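Next come two complexes built around subunit A: one with subunit B, the other with subunit C.
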Partner chain A sequence: MEKVILAEKIAYSYNKTLAVDHISFHIDKGEILGFLGPNGAGKTTTIKMLIGLLAPQDGKISVLGMDTAKELNKIQAQIGVCFEEKNLYEEMSAIENLKFFASLFGIKKIDAAALLKKVNLLVEKRQKVASFSKGMKQRLMMARALINYPKVLFLDEPTDGLDPVSARAVRDVILEEKEKGATIFLTTHDMMEADKLSDRVAFINEGKISVIDTPENLKHEYGKRILKIRYRLDGRVEEEELSLEDKDMSKRIDEINSKHSILDMHTEEATLEDIFIKFTGRKLEG
Partner chain B sequence: MSISRIFSIMKRELSLGPRSPMLLFALALPLILTAVFQLIFGGLWQEKPVLAVYDVGDGVVISELEKNKAIDIIDADSEDEILNLVEVREADVGVIFPQDIEDILKEGKEVTLKTYVDGEAYAKDRTIIAATMLSVLRSIAPEGPEVDFEQILLGEERGLGILEMMLPFLVLYGVMGGAFLGPAILLVGAKEKKTITALLVTPSSKAEILAAFGIMGVVLAVIMGIVVLLLNGGWTQPPLMIPLLILSSIFMAELGLIAGLAVNDLNTLFANMKIFGILLVAPELFIIFPKWPQWIAKIFPTYYFMHPVLRISIYGDGLAEVGWELLVLLGFIILFFIPIPFLAKRLGK
Partner chain C sequence: MNRILSIVKKDVIQIFRNRFIAVITFLAIFVYAIIFHVMPSKVEEMYSMGFYFEKGREAVEEQISEEEGVEVVWADDENELKKLVEDEDVQVGLSFTLLEGKPKIVLYTSTQTPEEIREAGDVIAREAAYSLSGYPLNVEFDEVVIGPDLLGEQIPFRNKMRILFVVMILSVEFFALGNLISEEIRKKTADAILVTPVSIPEFMTAKVATGIFLTLSEGILAAFLLNIISFDTVLPFVVLLFLGALLVVAVSFVLGTISRSFLGLTAYGTLFMIVFMIPTFTLIFPGGYSFWIKAVPSYHLIIPLDGIINYGYVLSDYLPEMAYLGSFNIVVLLLGLYVLRRRLT
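Then we have the complex of A and B:
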């Protein structure tokens, strides 16, 4: 499998604070890697290094087989970036923004209206971005990231603080781009989003990657798979957790069933957040 | 480096960037100051330069001169009358056209024109009169008239008036508004609004972005410089003045880019301007107070812009006199370019 993004022992520190501590990872072609971590974990610094805004102080990055230190402009011509911070030209309309950025990519003709439709952003032609809601701006940022038909997308907290409709629109676009073969680096502290979208997730905390794997593998390997049974005992409702790995689980179920009246029972898997806490001792949000 | 990307960024900034209230104020200030100075010290509605003419021959040149609207003509009857008109300052310049001047010029022979010049007359008025006379003579001898001016100065050479002393300051302000504040405000504004990071992840290089901001500043500054010079009657010798304005605008644009790269917010930019701005305008003090040791003025880079403006506009100096100052200015441009690539490394962090 072609490694579209390859980071080897990259590090970056602000003054004396090590924000990213010699991390290594790769992303295969057409894959979505969810980069999970709480605020200040090093997600944005990592993405800034990958897109060339920061030069790694140690290590090496290659994107699409090109070294970011040597062929940055060639790389930037083939990537799309959606920032966490809204950095649009607010005094321009959505279409003017898209046309301006298209001109920087050397694209003379763009179907701005189709791009806006793609991200479900229906606005007046001359409406200034300054009057847009946060969700509308985020969708426009997403449209801007797609302006050059990028092979690689870098999305920094693309649904952070969005209403459910806007968040869904953004997620749909991400999945659509993946379908088309784009490779996507997604940073988020929303574990539900990461679970839904990512082929693999990496946990980053205090600048270090704790683990990197598919959500299913992580849940299987590190999650506690249990069966919860609720039954009635002397008029009270009792709840009991049984491990699915326990050899005596069936015997215990039979025992409860013979003596008591079972109200309900269901299996429960660990969430990515549970696993993150297990690895880092920190919660994902905040 | 892509010219089309530079042009795209410039186009955007020119169409939307100068809406910044601070930049608009900076651009308007030299015009406001010009209006204030002109109103207080006169000059805005100054009359046209006056040329007294005595044509010994048939008056063909006078009739041609009278068609020209740049100067007023007094038709004198004798050389004595010319002398008197200039002495009593009813005319800035008096000229005597010899007999058969038309034939002499047409034959391609050299003609000597005796001129009386009022020492108190403005240099720009003298320049306008000389240019007008040459234009009329050229219409008589299109191949190029061979003219030698025999100049007799009447009275003392005048000292500098307030308007003339302030001219370099006003032009500097105009150039500063466009070339220094333009790139600085746009760059810091782009950093504050984070739009600079959006630009930096496109194929546009830092050099292209800075070049776009810088060129835009230079264009604005040259226009501002010309406007201020025109409003103050200092627009003389365009072939020399335009290169001077371009060089000084490039120098100021470099300072603007350095300031824009070094600071991250507009408040800090303006605070620093209050502190360091005096260094830019300091040479003006040495123009106002000519008895101060003039070598001190030469320490300041802007001296090599303000002094040539004064010499060209007011004294009518040419390349031979101010050429070395333009070369020093070019040296400063090279010197102040050096820190820009180093500071640019911080962009986007």
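Then we have the complex of A and C:
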């Protein structure tokens, strides 16, 4: 398998904070890697090194087989970036924004309307970006990332703060690009999103990657499936969690059943969030 | 190259889509042009003349008083007349004395006296002599200039002011260009540009090009509206304007990089603008100025502009000024590029 992105022991610190601490990972062609971590974990700093905005202070990065320290412009011609901040030209229209960025890639003719349709953004031709809602801006950010038909996409929290409809529209575009063979680096602190979209996820916390694997493997290996059981006790509703792997599970169910009236019971799979907490001792949000 | 032009085009659109910047730019250019055109094009409409007649004052008094637009002051002796001229109480002084029975006329003017008034004084003097003696030639005529010989003649105030206006219009670019750079950094649009094949040197070149293009075109537009450009002055004017544009660009780079908000930008911008405008005082109150005023780089723009446009000097008369300005520009531009470069990575 071709390694489209390869990071070897890369590190970056701002003044005294070591934001990224010698991490290594790779992404295969056509794969989506979900970079999952809480605020301040070092996700954006990692992306900035991969796209050439920050030079790693240690380690090496290659994208599409080229060294970012040597052939940055060649790499940048073939990548698309969706930033965390909505860094669009607010006083210009969506089409003006797209045309300007296309021109920087030397693309003279673009079908801006088709691109806007692809991200499901319906706007007046002359409407300025300043008047867009958050979701509209984010869709335009996605459209801009696709302007040069990139082989690799870097998406920094592309659905952060969006309503379900906008988030869905953005996710559909991501999956469509994957279908077409794009390699995608995606950061998020939404574990559901990481679960749904990623082929593999990496947990990052305090600048370090604690584990990288497919969501299924992680859940299979580290997650315990549980049984949730609710019953009435002295007029109150009690809830109890039993591990499905526990040998004494059925004994306990019988016990409850004989003493109290069971209201309901159902099994639950461990979420990535649970596994994340297990690995890092930290919640993803809050 | 195409990438740089694309950025310049975008920059110009972005600058004029900012209403505040668009308004102050056009206000500066057109308001100054209007002020210039409503200011009097003559130095003074009213002439004031002083007279001393040793004899025969009564004979001419009535006639002289009838001269239109002339204010007449009579002096009791020659020294008083000289003092009137020296103190600029009158613009010209005319003394009529008898030297061994022969009439002698002296016309006193000061170095501040405009050419037109000297000529008018001359005519009046000859007229007076003729009416007194009956013969135009039978008098001794003399002309004395009082006061230090300041270079050149008096020119209308508005011609001096238009130099100030040009410098003012240039300094408005501090805000336009400073805000452009500050926004690219603050709103992180610079990052979006820098992850395309555009390199940091290309990005910075585009910003310099935008600044010079805007400053030059606004300066030239202003020059047309202020009647500055003639066949003789167009080339030196453009050369000086280019040096001025470079200065403004260099300062704006520093300004745009150090300000963290629009408010900060306007505060720093106003401060820089005031310092930049201080040397324009030399236009209104000419004379010897201290080292501090001469250290302000715009002084070395104002002096050559004034000399070339208002007094007919040529560019080669101002080589030291241009050298100072040029080296200052290089230093500040390098500084500006350095600080901007640091903010971009």
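Here are a few things to note about the model shown:
Assume the second predicted complex is superposed on the first by the 245 of 286 C-alpha atoms of A that agree within 3 Å, B and C clash if a C-alpha of one lies under 4 Å from a C-alpha of the other, contacts with A are read in each partner's own complex, and residues count from 1 in each chain.
We adopt the following convention: a residue touches a chain if its C-beta (ideal position, glycine included) is under 8 Å from a C-beta of that chain, and two chains touch if they have at least 3 such contacts.
What you are looking at is a predicted structure, and each value in this text was computed from that prediction instead of being measured.
When both complexes are superposed on subunit A, subunit B and subunit C clash.
In the superposed model, A:N87 lies in contact with both subunit B and subunit C. Of the two partner chains placed by the overlay, subunit B and subunit C both lie in contact with A:F105. The superposed model places subunit C right into subunit B at 22-30; the other stretches listed in 22-30, 58-66 or 130-138 stay free of clashes. Within subunit A, the residues touching subunit B in one complex and subunit C in the other are 51-54, 73-74, 76-77, 79, 81, 83, 85, 87-92, 100-101, 103-106, 144.
Per the touch definition, subunit A reaches subunit B in the complex via residues 48, 51-54, 73-74, 76-77, 79, 81, 83, 85-92, 100-101, 103-106, 144.
Residue ranges of subunit C in contact with subunit A, taken from their complex: 2-3, 6-7, 10, 13-14, 17-18, 187-189, 191-199, 345.
In the complex of the two chains, the subunit A residues touching subunit C come out as 51-55, 73-74, 76-77, 79, 81, 83, 85, 87-92, 96, 100-101, 103-106, 144, 148.
The part of subunit B that touches subunit A in the complex is made up of residues 2, 4-5, 8-9, 12, 16, 19, 193-195, 197-205, 348-349.
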